[in-house]
Amino acid sequence: MTSVDAVDQVIEAGAAPRSRRPRKDRPAGTPKMVGARGGAMRAGGSVFRWIALVIATVLFLVPFWLLIRNALGTDNDIGSTSFFPRHPQWHNFTDLFSANSDLGFGRAMMNSAIIAVVQTTGSLLIAAMAGYGLARIPYRHAKLVFYPIVLTLMIPGAVTFVPSFVLMSAFNWLDTLKALIVPGLFSGFATFLFRQFFLNFPKELEEAARVDGVSYWGAFWRIVAPNSLAFTSALAVIGFIGSWNAFLWPLVVAGNSPSSYTVQVAMSTFLTAQVQHYPQLFMAALVSILPLVLVFAFLQRYLVRGVAETGIKG
Amino acid sequence: MSAEADLAGAGQIGTGTRGRSAKPGAKRVKGATLWFWVFVGPFTAGLLIFAVVPIIWGLILSFFESQNTVSPQHFVGFQNYVDMLKDSAFVDSLKVFTIFAIFIIPLTFALALFLAVLVNQITFMRTFFRSVFFLPTAVSYVVASLIWKQGIFNNDGLANHVTSGLGGSDQSWLSSQHPPLYWIPLVTVRLWLQLGFYMIIFLAGLQRISPDLYEAAYVDGATPGWTTFRFITFPQLRATSIAVVILNLIAAYQAFDEFYNLLGGANYGRPPLVYLYSTALGTSQQYGLGSAGAFILAIIIIIFTLIQGRIFGFGRTDD
Amino acid sequence: MPAFNPPISRRSILSGAGGVAALAALGATAGCGSGGSKDLSQWYHQYGEDGTKQAAMRYASDYKKAKKVGVKVQWTPGDYATVLSKGLLGNKGPDCFESQLNYTMVKSKQIIPLDDIIDPVKSDFNPSDLAPNTIDGKVYGIKMIDDPQIFYYRKSMFTKAGVQVPATLNDLVATAKKLTSGKVKGIYAGAQSDSGLSALTTSAIFASGHTNLTADNKDVDYDNDDVAEAISLLHQIRSDKSVLTGAATDWTNPQTFLDGKCAIQWCGLWAMPQIQKALNDDFGIFAFPAVGSKGKQVVYNGGWTQFVAAKSKKQSKAKDYVKWLWIEQSALQEDWSLSYGFHIPPRKSLAAKAKKLQSGPPADVVKLANEHGFGDNPYWTPDVGQPQTDAVTNIVLKGKDAKKELDAAAKKSREALKKQ
């Protein structure tokens, strides 16, 4: 899933309910859980519920178990039925970064980190500014800017990868971080979301400041931006995950040179390599998801809110 | 896809602009033009270069024969489009998408709703369960494909251990055609990765249903369970449900990662984007043909979008 | 929407602006990764044998010592063919690279003729290594190594199952079935998801007494009953469940065979040292067996060839390097052919003194390759070949009617031939 997809999904999710429900129905913050009404649970239903939950939990965790077991195993452990390797191969981790490894994993992690951080911050900044301009600054021809955005939103990013590859090739940007970062900085979806967000943002504060002679620039940075951080960080988390996990575009423009591999492309390449050392590949996969697991551990609240709030509440 | 929603918003910008410019007078608007471009300019420039130019260039290429080079060579008119539509492999890829959608959409819908209802009903350890189901959202398709290909569905993987444990024989999960077992890895990997995301959307929908509706039903003698789900919960989730179906459909249409990584260059189970990738960027490097294919796909998806907008009619009734 | 408590300080958003500012610098540094340097760029696919990568880099550093010209080696795991095609398109491609010649590369001006560097030693090259690299009288590539592909089999498993080395493809089908028991499969020929048998396609066609293209390269020769029979037999192996699928390593790597997961594996001469070391005498080899009335046993003689990219801005330097390594340095050529995996040197002088290939199973392979070998045809381009590949998958994997599929594919191949 690309970052555009992620934002796309949020916007889509937001589209339908907005049209159905009057705004006053929506309580702010996290509403009380409906199904949890006191005393409504019945013993029979409860047992079924817990059995279902436990089965689902096991099914959801099995792939993680395989990932960890295989990452710490030997070639022989991979096809085995043992729950955990008898002799965990901790050196699989250090081997990943050794000079003998063809995987180039350290480099790929670095590339992915640079791309994800720069792309997330850059695209949000550009989108927030554009969204603010479209929502707030009275300019007669704003529609001329806005309608093309709407049009490009209709064409899914993935379908345009052939023409976009052609452009990158013409720019001589293939196999550089530029090709991986720059086209992703201009997200129509994020801009659209920010515009909607700012349209619902109370005007009074800004207008008071503007009367005091504060420019649009000042109002944006001093009043609007600090009050949009929850919204922005929700989008940032979604954007970061999308950028880190992106595959098709990095494969298309940077799949040629190991020096520009992202971590996803590197792993995919080695999935079909002539020489296989699967424990190392599983270890690479395990390490590659660690940054996102950290994001989950510390920012899940915002992520969940991001999906739910920006999605369901427009 | 989102055009309908946008149109609703587009109306707002018109009124907003007019309303404000009327007040402060002409001088203000003059400064506003400059500020508008300071804020919107970078984005507009980027969009022009990285979205509009490629689309135009691709459109031009699609009318040319252009192999092993990205500059137009010989003008061929609509031949690339004709070739693409006559190409049985391209048509097959649309069928693959259809089959995939038929599997993945109802399954995702039912299971995500089921999980959401389960998680919503418990009070104990709710965050734990929600986190478990949501966690795979952080995992990439590449990592999941590695686990599926070399951990579960390989020759001595988990799936074969299970089948032989149950007395069956080993299966070629990723290549068997009779029956087409390869759909099992393809569908399960996507379910694992995306159920949590849709569960969250359903959860948010569930939590927005007014408790009063249930209370009223109980007063009328309804008991919690299937009846209230059927007559209150499900109808109240209508808008969320439509969003989930459409999101899923668009995502399925753009499926690439798991097909590419699980099936490699196989000529079965090839959805549109994988076929497009191999046409344009595989060893034969047919950029003209590939661009034509891209435009055919774009047109199909836009038609989809418009039809859905018509059927479900959202965006039009924004209060 | 009410504002939540900001989880992130305002500074972090502002640092985002710094991030964008840093972008230009980033792009610039990444940009000069490979293209901007003075070094020549040389691309290899990933060889499976230990020490090959180090050897390739050692040759490059030897050259730097001798001629003061740096060479940057790119070792490419995964789908080398696709990576190379894309590389040759842009300006960040290799200056020189290994591949197999096809006519499209010449037609789209991706490579340059190398007659001037090969002419002095042309007579030392095996004619079968020159012909596939010659188009319109010009030699475009220097053959580096010859790689005959053959079946390896476990003698002990054959004895236990009471089977002989198969003489025909029909025998092979029956033998593989007898050798299959439980987890151990009769035959292994690839981990690709297509059919597990696609590596055998070309050999099966030639073993039926036909070829991909007719002698004048103007028509295809695979839409006939003999080829249909051969491909149908591959389907038979598959539907008998005698073929191993979902293995961890591909057919080019002998590991699956060494692990005892199959009795027969399709592989190449390159794997010989590894197999000899692991199994001693418990293995043998045989060529792809004959099929049908006109059939004969055959050995597909693959290998790799060195080219100089037409887009290279350092063409003459690249040519000098190719000449140095693949024409002049016979010691290094010998090292590449014999020190890691085994390959037959394309140079007669080197082949004559390749002791390691002159006794035991390696000698058997060389003999088979000399007597029954066939090589690549540059006019068999990806566009012409693709319909056939698809047809074979449809037959082998999906069990579709062989003759019908091949006829339909041949029609498409002919159209592609006309275009080129």
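Residue numbering begins at 1 within each chain, and the chains themselves are lettered A, B and C in the order written.
The working rule: contacts are C-beta pairs under 8 Å (C-beta built on N, C-alpha and C of every residue); 3 or more make two chains touch, one makes a residue touch a chain.
For clarity, every value in this text was computed on a predicted model and none was experimentally measured.
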* Using the touch rule from the top, work out which pair, A-C or B-C, shares more C-beta pairs. => A-C
* Compared with subunit B, which chain's mean CA position is the farthest off? -> C
* Structure fact -> So, in whole Å, the Cα centroid of subunit A is separated from that of subunit B by 14
* Asked: So what's the Cα centroid distance for subunit A and subunit C, whole Å?
  -> 38
* **Whole-Å gap between the CA centroids of subunit B and subunit C** => 37
* Structure fact -> Within subunit C, the set of residues that touch 2 or more other chains is 79, 82, 86, 89, 248
* **For subunit B, residues that touch 2 or more chains besides their own** => 70, 150, 154-157, 264, 281
* **Where subunit A touches two or more other chains at once, by residue number** => 78-79, 126, 169, 182, 185, 268, 271-272, 278, 309
* Structure fact -> Listed in rising order, the residues of subunit B that touch subunit C in the complex are 67-70, 89, 150, 153-157, 169-170, 172-175, 177-178, 182, 262-268, 281-285
* Asked: Which part of subunit A faces subunit B closely enough to touch in the complex?
  -> 1, 5, 8-9, 11-23, 25-26, 30-37, 40-42, 45, 49, 52-53, 56-57, 60-64, 66-67, 70, 78-79, 81, 126-127, 129-130, 132-135, 137-140, 142-143, 145-156, 158-167, 169-170, 182-183, 185-186, 188-189, 191-192, 195-196, 199, 215-217, 220, 241, 244-245, 247-248, 251-252, 264, 267-268, 271-272, 278, 281-282, 285, 288-289, 292-293, 295-296, 300, 303-304, 307-309, 311-312
* Complex interface listing, subunit C residues touching subunit A -> 1-8, 10, 13-17, 19-20, 22-23, 26-27, 30-31, 33-35, 45-48, 53, 74-79, 82-83, 86-87, 89-93, 248-250, 252-253, 255
* Asked: Which of the residues in subunit C end up touching subunit B in this complex?
  -> 79, 81-82, 85-86, 88-89, 104, 108, 110, 183, 192-196, 241, 244-248, 261, 382-383, 386, 389-390, 393-394, 397-399
* In the complex, subunit A residues that touch subunit C -> 28-29, 75, 78-79, 102, 114, 117-118, 121-122, 124-126, 169, 172-178, 181-182, 185, 197, 200-201, 221, 225-233, 255-260, 268-276, 278, 299, 302, 305, 309, 313
